[in-house]
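Here chain A shows up in two complexes: once beside chain B, once beside chain C.
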Partner chain A sequence: MSQILTILFGVGILYLALTSRMRTYIQVIALQGFILFLLIVRDFGHIDWFTFFFLAFETLAFKTIIVPVMLWRIVERTHVAREADPNIPQFGSIVIGTIVFLSGFAVTDWVSRTDPSVDALAFGIAVSTLIIAFFIILSRKKLITQVMGYMLMQNAVALLMIAMAVELPLLVNLGVLLDIFTLMFLFLLFLGKLHSTYEETSREKLTSLRDQP
Partner chain B sequence: MMIPILLVFPLLAAVPLFTLRSRQAERSVLIAHALLTAGAVLYWAVAGPEEFIGYFRADTGNLLFLALIATVYIAVIPASYRYLEREKVSELWHRIYVVSMLLFVFSMTGAILASNLGLFWVFIEATTLASAPFIYFERHESSLEATWKYVFICSVGIAIAFIGILFLALSAKGVCDLFYTDLIRNAPQLGRFWLLFSFPFIVVGLGTKAGVAPMHSWLPDAHSEAPSPVSAFLSGMLLNTALYGLYRVFQVLDAAGLRREAAIFFLICGFASLLISAVYLAGATNFKRLLAYSSIENMGIIFIGVALGGAGIFAAFLHLMAHSFAKTTLFITAGNIAHRFGTKDIAGVSGLREADRPTGALWGIGFAALAGLPPFPIFISEFLIAREMVTQGRFGLLAAFLLLVTLVLYGMARAAFKMYLGTAPETAKREPPRLIEWLPQAILLLILCILGVAMPDAIRHIITAAGF
Partner chain C sequence: MARTLNILLLLFLPFLMLGIINRVKALAGGRKGFPLLQPFFDTLKLLRKGAVVSTVTSWVFAVAPALALAATFTALLIAPGVGRTQVIAFDGDIVLCLYLLGLAKFFQLISALDTGSAFEGMGASREALFSVIVEPSLFIFAGTLALVSGHMSFGELFSLSGGSAWPTVAASAGAIMLFLILLTEGCRIPIDDPNTHLELTMIHEVMILDNSGPDLAFLQYAAALKMYLFATLIAALILPADIPAIHAAFALPVVALLCAVLAGLVESLLARFRISHVPQFLFLTVALSLITLAAAIYFRGGVA
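Take a look at the complex of A and B:
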């Protein structure tokens, strides 16, 4: 069951490499948050109570509900329905996304031989998700899409933690959550400002501070 | 008891400031916080190490960084007052400035005091969040652009560092937690593969925050758009804070017998920073951006010193301290120059020596301190780094180092002399500068001069201990 969930997590990110609709991005981010919640529930009994409840809250309330709602508010505020003109055309994104996704399985195979303590499938999917999230950040022009890429990165990091069964102290987990929540708030605030200043929140508008060698 | 007081004070003080609505109260809180920070540093220097709930620790390893926070903080407060007064900021933005300052210093102090790498990450991310309002403070289109780049690039960078920390945690699984002392003590037992695998992520992540090339792109924008006292803080302290965490991880790799591999990453970043700053300084048209590129160069020199090891470590931390003082001086002075001439363009400033003698003198002497002219400590640190290269027989590195440092010096000197000499434009304000506009910088330069001529043993001990 957890393998199916992990693969579903990866398929979601692969789908994002093909799409340009903001609504789809947000749906995939919410879906990944829910999958992470289910994977945490799977580990019930293997981690201490406090950590379990914290991680369950983080994945269900924060990653599945709060973050997608905040992202949706940004989309509404900036009136960006889709990424119309990415740096890399749609076909190129499909090819790159597929290659990266399949490479994830090669990583899975390598990790299963290198370190048996790691959940190799989840590790491979997390790595390919990270790479595709980076690809989205670099290849898309809309700032809101880049924020989506950042949140996908955060989901990939959460899957990586589950794959490696690395437990951080509760204090650190709490701090990380607080930081990312505040960061989302700042993104919301500044994207709103950018929208009211430039009308179009695209990376191409942010070029007034460039230097010439 | 100093650690909890130092950590709780800014948080508790920030809340009532929003209800009191008194500029006097806001200023008093800032002064109290700066004096408290300085008092805590003196206390730890005299009374020895202190630990708090196992997650925070003040000892000789971080005393230099804490002392720099305190010194730069005290120097920046008068400049902040003057800036807020000159710009006639509204009550709300005055409060935002003061609260952001409290939270910014809190997050940097927390990062330095954190004895756990995960907790360090939490505080280093918090520095980005706390300083974002500063960069947007002047609310121009360009400040908005700089703020967005700063927040987004640093957050992505810090997320990459977190991935590295997870790999490091995997290497320590079953051996120890992410406490620096445990990691260093148990370094030979850590999984070598995951430990080495973690390092590039941590270098890229924290290197982004430390402003080293090729992850530096946010730095010139943020430094040039922030108010000058804040630029002083960003350059004089924030970069050091990121470097602190990076150096602690470097020490873990060193203890695990992976020094050579770790040094390669530091050397690449160090020389890339020198190259980028040499190229861009030559064409810089804005004197705050000029200082920002100089920060990239100096962080590069510090990385090179650490990578070399031996006397290079002492040189790196001496350089770090001297750079913080010199850059604080120059950024605050740059704010005064921008006010007097009404521009940040190098082309719009000339005749500093006649238009404003104290500011002109600070600009000239500050430039000499930053350029590494004797008797200032940067001369000693750069000399020690060059000597270490000779000792290790790395003559290729030495040639590249000397060439790039000379190119940077040329780029800096060209602009500094142009601004200092010549005739001041008619539009330049002629009123004499107030004492608080130049005294803190003059004291910093005097301290630098004393350190360069006859460094007290206590200071030498603090610098040496930072490397161990």
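Take a look at the complex of A and C:
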């Protein structure tokens, strides 16, 4: 079951490489969050109950509900629901995504030879997701997509944690949680201000920003 | 017994799949929907009607519908049915099956071009483009399964074994890929809209605008059969090989009908893609087949 969930996680990121709808980005982030929640519930039952409860609650509440809702609010406020506006053609994105996935399996092969305890499938998909998320950040012009890229990277790190069968210490998890929350709030304010001033939230417009004379 | 059941299912299940898709769409839209077997009754009605044939068409247009139906029906006799039994089976039958589908598509395309209609030519061009993208993914996937299993017959191809994650990756990625192909070849949303009335947005429907009566019935049945074929492949992938025969007899129809429900849900929840976005979407099938190949190499330590 966990293998099927992991593959669904991977297909989600592959689908993101070819889609251009903001709504789909948010749906995939929420879906990945829910998959991570199911994987944590399934694989981390042996750890102490407080950490287990915190991990499961944080994944379900934060990654599956709060962040997607916040992202949706930003999208609605800035009216960028239509297109992710990529730098390179969409077809190029899916080709690169596929190549990254195939390379991810190669990395997996190497890692599973050196450490057989690692869940090879989850590790390969986590690494691929990390790289594709980074690629999405670089290749999309809209600023909101950058935040979504960070969220995808965060999901990839969580899957990596599950693949290596280690639970992050509670304090590190809380720190990451706080970081992401701060990032989301800052972006909400930043994009809202940028949109009200320039009516545009494209990364390219930032090059023409000047100090007030 | 299983072979007889396979043939019986071929006569009703494809129509039932269409009926279920329409019922799911109707329920999602707050309507009651027409009877589940309405597509079957529509086909019977068309078979009783006469055909009107344009004077500009040649013999290609006349034979194409019957040939498309015959080729698709034969392909389904080769495909794994109840309990993965095939009505026709031999070494290399998978290649014949895929080429029969290609033959049916080829005759439908040249039949559309034969009418001399610009709209039908446009539909044929789009359908050809989508097939060009989808077919490599099918061949890569079938080739991977053939190399891994060491068999070239459909019935033995789906014995997924060996390697920790390989069977799950092959079954999951393969099922998703085959479902996307089912939507494409079945001319369903988000690739095509079978209910559209605007020629400019049609793909498969515009190709068969000139067909009527029994010819139209043949083509509609062939399209439904093709959907059923991919549903049988999904069933062969995800169902265990060692289930009892009586369970297998029910499992295949259940999987086919679940595929229809899923297709109906997709149609209810998704809008149709812009034509320019469809090739990108279909490339996902190629990506999934390549991932299956990579999984075969890395998780099994090779494909042989």
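By our rule, the second predicted complex is superposed on the first by the 204 of 213 C-alpha atoms of A that agree within 3 Å, B and C clash if a C-alpha of one lies under 4 Å from a C-alpha of the other, contacts with A are read in each partner's own complex, and residues count from 1 in each chain.
As a working rule, a residue touches a chain if its C-beta (ideal position, glycine included) is under 8 Å from a C-beta of that chain, and two chains touch if they have at least 3 such contacts.
Remember, predicted model here, so these are calculated numbers, not experimental data.
*Asks:* Quick one: on chain A, after the overlay, do chain B and chain C clash, or do they fit? Just give me the call.
*Replies:* In the arrangement built by aligning on chain A, the partners chain C and chain B fit side by side.
*Asks:* Once the shared chain is lined up, is A:Met184 touching chain B (first), chain C (second), both, or neither of them?
*Replies:* neither
*Asks:* Taking the superposition on A as described, I'd like to know which of chain B and chain C A:Ile4 touches: first, second, both or neither.
*Replies:* After superposition on chain A, A:Ile4 lies in contact with chain C alone.
*Asks:* One more residue to check, A:Met148. First (chain B), second (chain C), both or neither?
*Replies:* Touch partners of A:Met148: none, neither chain B nor chain C.
*Asks:* Quick one: is A:Phe91 in contact with chain B, with chain C, with both, or with neither? Answer first, second, both or neither.
*Replies:* second
*Asks:* Please indicate which partner A:Tyr15 is in contact with in the superposed arrangement: first for chain B, second for chain C, both, or neither.
*Replies:* Only chain C is touched by A:Tyr15; chain B is not.
*Asks:* A:Leu121 in the overlay: touching chain B, chain C, both, or neither? Say first, second, both or neither.
*Replies:* In the superposed model, A:Leu121 contacts chain C only, not chain B.
*Asks:* By residue count, is chain A touched more by chain B or by chain C?
*Replies:* Here the partner covering more residues of chain A is B.
*Asks:* Vertex at chain A, arms to chain B and chain C: angle between C-alpha centres to the nearest 10°?
*Replies:* Rounded to the nearest ten degrees, it is 160.
*Asks:* Under the stated touch criterion, which partner chain does A:Asp109 make contact with: chain B (first), chain C (second), both, or neither?
*Replies:* Only chain C; A:Asp109 stays clear of chain B.
*Asks:* Pick out the closest CA atoms of chain B and chain C after fitting on chain A and give their distance in Å.
*Replies:* 21
*Asks:* Of the residues on chain A, which ones does chain B touch that chain C also touches?
*Replies:* Touching chain B and chain C on chain A: no residues.
*Asks:* For chain B, which residues are in contact with chain A within the complex?
*Replies:* So the residues of chain B touching chain A come out as 55, 116, 118-119, 121-123, 125-126, 128-129, 132, 136, 141-142, 144-149, 151-152, 155-156, 159, 162-163, 166, 169-170, 173, 177-178, 191, 193-194, 220-221, 224-225, 279-280, 282-284, 289.
*Asks:* Please output the residues of chain C touching chain A within their complex, sorted ascending.
*Replies:* 164-165, 168-169, 172-173, 176, 277, 279-281, 283-284, 286-288, 290-291, 294-295, 297-299
*Asks:* Can you tell me which positions in chain A touch chain B when the two form their complex?
*Replies:* By the definition above, chain A touches chain B via 114-115, 117-118, 130, 137, 143, 146-147, 150, 153-154, 157, 160-161, 164-166, 168-169, 171-172, 175-176, 178-179, 182-183, 186-187, 190, 193-194, 197-198, 206, 208-209, 211-213.
*Asks:* Any idea which chain A residues touch chain C in the complex?
*Replies:* Against chain C, the touching part of chain A is residues 3-4, 7-8, 10-11, 14-15, 18, 20, 90-91, 94-95, 97-98, 101-102, 105-106, 108-109, 120-121, 124.
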